[in-house]
Amino acid sequence: MSEATTGIDATAGTFEPRIQAFVCNWCTYTGADLAGTSRIPMAPNVRIIRLPCTGRIDTLFILKAFERGADGVIVSGCHPNDCHYTAGNFHARRRFAVFRDLIDFLGIDPDRITFSWVSASEGKKWSEVVNDTTERIRRMGPFSAYHGLAGRTP
Amino acid sequence: MKLGYFPGCSLHATARECEESLRAIAAPLDVELAEIDDWACCGATSAHATNHLLSVALPARTLALAERQGFDTVLAPCAACYARLASARHELAKDKALLERVAAILERPFTNAVKVVSIAELLRDLAPKIREQAKRPLGGARVAAYYGCLLVRPTEVSGFDDAEQPSSMEAVIAAAGGTPVEWRRKVDCCGAGFSLSRTGSVIRLGRAILEDAKKAGAEAIAVGCPMCHSNLDLRQKAMSRTLPEPLGLPILFLSQVVGLGLGLDPQALGLGRHFVGTGSFVAKVTAPPAPAEKPAETKQEVA
Amino acid sequence: MAGPASTRRSTLAAEIRRRTGLNPAKCYQCGKCSAGCPMAEETRLRPHDILRLVQRGRRDRLFADDSIWLCLTCETCSARCPNEVGPARIIDALRELALESGEGAPPRAIRALHESFLKQIRRHGRIFEFGMIAGFKLRSGKLFADVGKMPATMKRGKLALSPRNIAGVGDVRRIFDACAAAAGKEVRP
Amino acid sequence: MSRIGVFVCHCGENLGRTVDAAEVARASGTLPGVAHAIDYKYMCSDPGQALIKQAVAEKKLDGVVVAACSPHMHEKTFRRATAGAGVNPFLCEMANIREHCSWIHENRPAATAKAIDITRSIVEKLKRNAPLEPIRIPVERRALVIGGGIAGIQAALDIADGGREVVLVEKGPSIGGHMSQLSETFPTLDCSQCILTPRMVEVYQHPRIKLLAYSEVEAVEGYIGNFTVKIRRKARGLDETKCNGCGQCQASCPQKKIPSEFDAGLGKRSAIYVPFPQAVPNIPVIDARHCARWKGIVKGLKKLACGKCLEVCGRGAITFDLEDKFVTEKVGAVVVATGFQLYEIGRDHEADGLKGYGEYGYGKIPDVIDGLQFERLASASGPTAGKLQRPSDGKEPRTIVFLQCVGSRDPAKGIEYCSKICCMYVAKHTMLYRHKVHDGRAVVFYMDVRAGGKGYEEFVRRAIEEDGAEYIRGRVSRLERDGDVVRVQGFDTLSGEPVTIDADLVVLATAMRSQPGIETLAQKLSVSYDRHGFINEAHPKLRPVETNTAGIFVAGACQAPRDIPDSVAMASAAASKVLGLFSNAELEREPIVARVDEATCAGCFHCLRVCAYGAVERKEIRDKKGNLIKVVASVNRGVCQGCGTCQATCPGKSVELEGFTDPQIYAAINAF
């Protein structure tokens, strides 16, 4: 986390979670675009990384994000049956179902990760996912278990 | 089969014949009716029209008693009681906060685990047994099944039958040896709770129902609700007043129809308590069978 | 048209939504409810009118006459509504609102019935029709209506003359009080 | 990459309110590897793009980050500008600081900090970008059109007239679709068959159209420009090449009481039949469910019944060959035009989440029919030769009640959408009826009249003002059979009174639904569909006839409820898209595809199993002597759509998705 982000922390004086989002290009990224064009306000705590499909999201990305100082992670893609690539989101879902059991073991509270479906037309829903996750992580407090590891590269 | 029995206020008073006939048919159908100890009134229309919480809490008390007394299913033969009990159960199942709130008001443990069945649902499920036990099929007498509102609505609460084209009571009538009549007004409202307070509306609505049943060739109407019964029976004379001749349609509880089919004594079924005389209908359906070619003759008679 | 309707609408519709979980804004005024309503020819406001006035926040017009009190809760409207708006339940909530706020009251006869009915339950835990009918007659002023029916009813063994309280009548009274407290006033139409 | 230029856009006033663009540029300028960072009012404008080109030339930039709007908005623009400056376009990336930042935040320091974060993350990603070259693939310049209704006919003719070959597949025995069943069409009241049948014949005679009627698409493989389609030719029980369409077999068939699909169940047909006289092709089929001989053959009986048609056919065309045949066609593009079916008010479709209308008798009242049945009653070629006779007793109805929005706009019954065409055809029905029965009463129950379209509103007004249709605003609560009339219980919401009408005939304008089985077809084609089974277009406004699978287009009512003019317009649009695709022998596409590292691939083929496109193949690695060393995965770059599921699945990290490689993503995460 660089100096630039301190702008967030300084404003409130309370804990401002840092949340990394991994979203698919076709549904959630576009839904987030729609939230923007609709000027739906939301918490500024989320940083989006765009991927073609949730099927592309390696579970290691999530671990890496925590290692790099994220307090929470959002994974969001198309609704079932609505995948731009037909089935990528199903494969992702299967992968994350297994992953969920693992992260507990790895010392990460599964509640720090939000999995959601946000379609290209659900700008409002995206803002809710962002706000709800931010609030939840704020209540959970900072994630520091991995901080010692930061700085390494994959 | 052992059922928790919730008679409701009417079955101890204006609808005594309903209770009498129900108790009479229970034994031959292997049903044990165990009255829920210390039940209270369901609150009926007056509660839900004035205080929603009360309309849930009153039935909930009875359901909680049934739960404690070890019943898993409660029979509410009165359609109005059935609707209140089933609605409360439905709402409490949907809304956990409400369940907690009501349990607190009741000051007794309550998990909302007891099922509620109506008379139509119970007897429909017993139809094979009725058919088997029927000693004296009703000679094909034409009976119109009248559901009214509360047996089939609200749809998400009731749901044991189709809300617009129900068939459970017809199945019971047929099993008892009657001929169910196809008619149009079987799910219309008779005016229900306005019997005392707005009699004019009840007369208008009831008359339309009776006229349609008559037009469809019904010789009697079977009901599953004491309110419908008292409206259509007690006020039938007034409903006939503007018509050229009295309607003269006996209004029977479904349990009475079954009782006749099972060959039980009409008096034991409470058939002497009606305002519209049931005598000629009873005489017809209990007439000793003709020696030979009986079915054909009976059919002719009916036609 | 009176008042700033837009602010009123939001409060009434929101209040109904809070109480019932139903959303009055779903009504698109097709009138199917009114087409099937058995009381439509007797009331000034029909179910779809009522929904419209809820949407527009017109408490004044909703509570100005008998219409909401004449609903039989036969649920035909709710069963056939294409949008699952649930008019019957909404009308119940309006009646509750009217009683709580004192903005509306049922016509005398209907009020008398509900009053006698609830009083009986509170007093005995059950309804004893004789007492209920007697109470109703006193409250409604319909002293002589149906008197001809009484002997015939009794002859048929259909009216119990003497009420008996259930054992748990204390229970029932407590339930009444708790529900009344929740509504902010006594349950009394 | 060490000389990156960062260009921060103000987007006029759009960004400036909450994001300090100058500060973003300043902060980005301090990042290692960034050689140049400026902010400008409108980067997407000509001067803005010129700034990029100028900076690349002057500062010798080897990568470009534009911090501005969403890449969905202007990625193409800036990649083109970058390419114009002589840098590989895939070395340009966008940081979305408008939709994802300035437009959704109020707090200026927080929003500016976030914008800097976003830009830094993209800069780090860009450092790992590799130059990519577009993929060129050959195009098979023939098209497949699925569905022979008016949309399919139009698309096929347009493509064929444009000089390309077309394979037209129709499920039923004849092309023509629903339009062939219609009596007249709105808003001109011209005869449907009169305008349609010439087009059907044109299809049949067109040298570049191969018509495969009574056929269904069995399997589809391949990708844009290169599809291989397996088509099932269902057994007609006769030899199409020998049949001359004389119709003697049909006349001789003793089984004549089968409800005719073409007449919507109101007329009858034989077991060997041509669905209607103008059918194309004019070749009969034998209905397996009703032909006694066919059933005998299937059962393996020694002595076969009937055989009348065999006897009368002078050309020996009737073979009773019951085997379906398969053909394979290679095409470069597909147009899906499978049309619609009508909602039924019975309870047969509960599995689809549709409840049916108990209050309208669940379809059991004989004189309650749907709009298509009314078309057949009114049609001169219909079962009553255009004489209006109701089904129950053949009586001419004196009062007809039309109900709009049955099944449509009725979430409680399972469909919330508007079927779009009903307002118009109901108005047409009232006119047709009043033109035939001058003193008859035509009553319409409606909720809203939606008559948007050229001449549409005028048409509805004409029905009301000139032809005396009575419009009542309200939904009907109940339909009941009462003696020989149907009692309609409604409410006039405009005058505020209950309305009861005793009708001789009730016509329901039932909803348009997607075709049964459309989900299976969509899955074969890898196109997505909505929860009602309508095919999704790639973009509701800007790409209305494309699907999200390249090379597959959509036309007509399989995409949403459509009327004839809409369907035809869509079909022509789809055809022009196909012809555009076919205008080059090769096509270019974005090189965002997966690549296997053959050195590390262990050959587990998890990637092959998860690929939705069949893009992963097995490749044998042999030494110089030809001995097999190992089998590895290999990606067909033409087929791969670039979802990256294979990469995330690969246990050995041997697959990389170009443009979204692991080093790129990790760099972006590390910048967080």
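We just call them A, B, C and D in the order they show up, numbering each chain from 1.
FYI, a contact is a pair of C-beta atoms (placed from the backbone, for glycine too) under 8 Å apart; a residue touches a chain by one contact, two chains touch by 3 or more.
The shown structure was predicted, so the numbers you read here are calculated from the model rather than taken from an experiment.
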Comparison of C-D and B-D by number of C-beta pairs in contact, larger one: C-D
Centre distance in Å when chain A and chain C are each reduced to the mean of their C-alpha atoms: 50
Approximate Å spacing (C-alpha centroids) for the pair chain A, chain D: 33
Residues of chain B touching at least two other chains: 163-164
Shared-contact residues (touching 2 or more other chains) in chain D: 359, 478
Multi-chain contact residues (two or more partners), chain C: 76
All pairs of touching chains, each written as two labels joined by a dash: A-D, B-C, B-D, C-D
Of chain D, residues touching chain B in the complex: 357-359, 361-362, 478, 480-482, 487
Of chain C, residues touching chain B in the complex: 19, 38-39, 42, 69-70, 72-76, 78-79, 88, 92-93, 95-96, 99, 106, 109-110, 112-114, 117-118, 120-121, 125-129, 133, 136, 140, 142, 145-146, 149, 152-153, 156-160, 166-169, 171-172, 174-176, 178-180, 182-183, 187-189
Partner chain C, residues of chain B touching it in the complex: 9-10, 12-16, 38-41, 43-54, 57-58, 61, 105-107, 148-150, 152-155, 163-164, 187-189, 191-194, 196-199, 201, 205, 234, 272-275
Of all residues in chain B, those that touch chain D in their complex: 162-165, 184
Contact set on chain D toward chain C in their complex: 359, 405, 409-413, 447, 473-478, 489-493, 496, 498-499
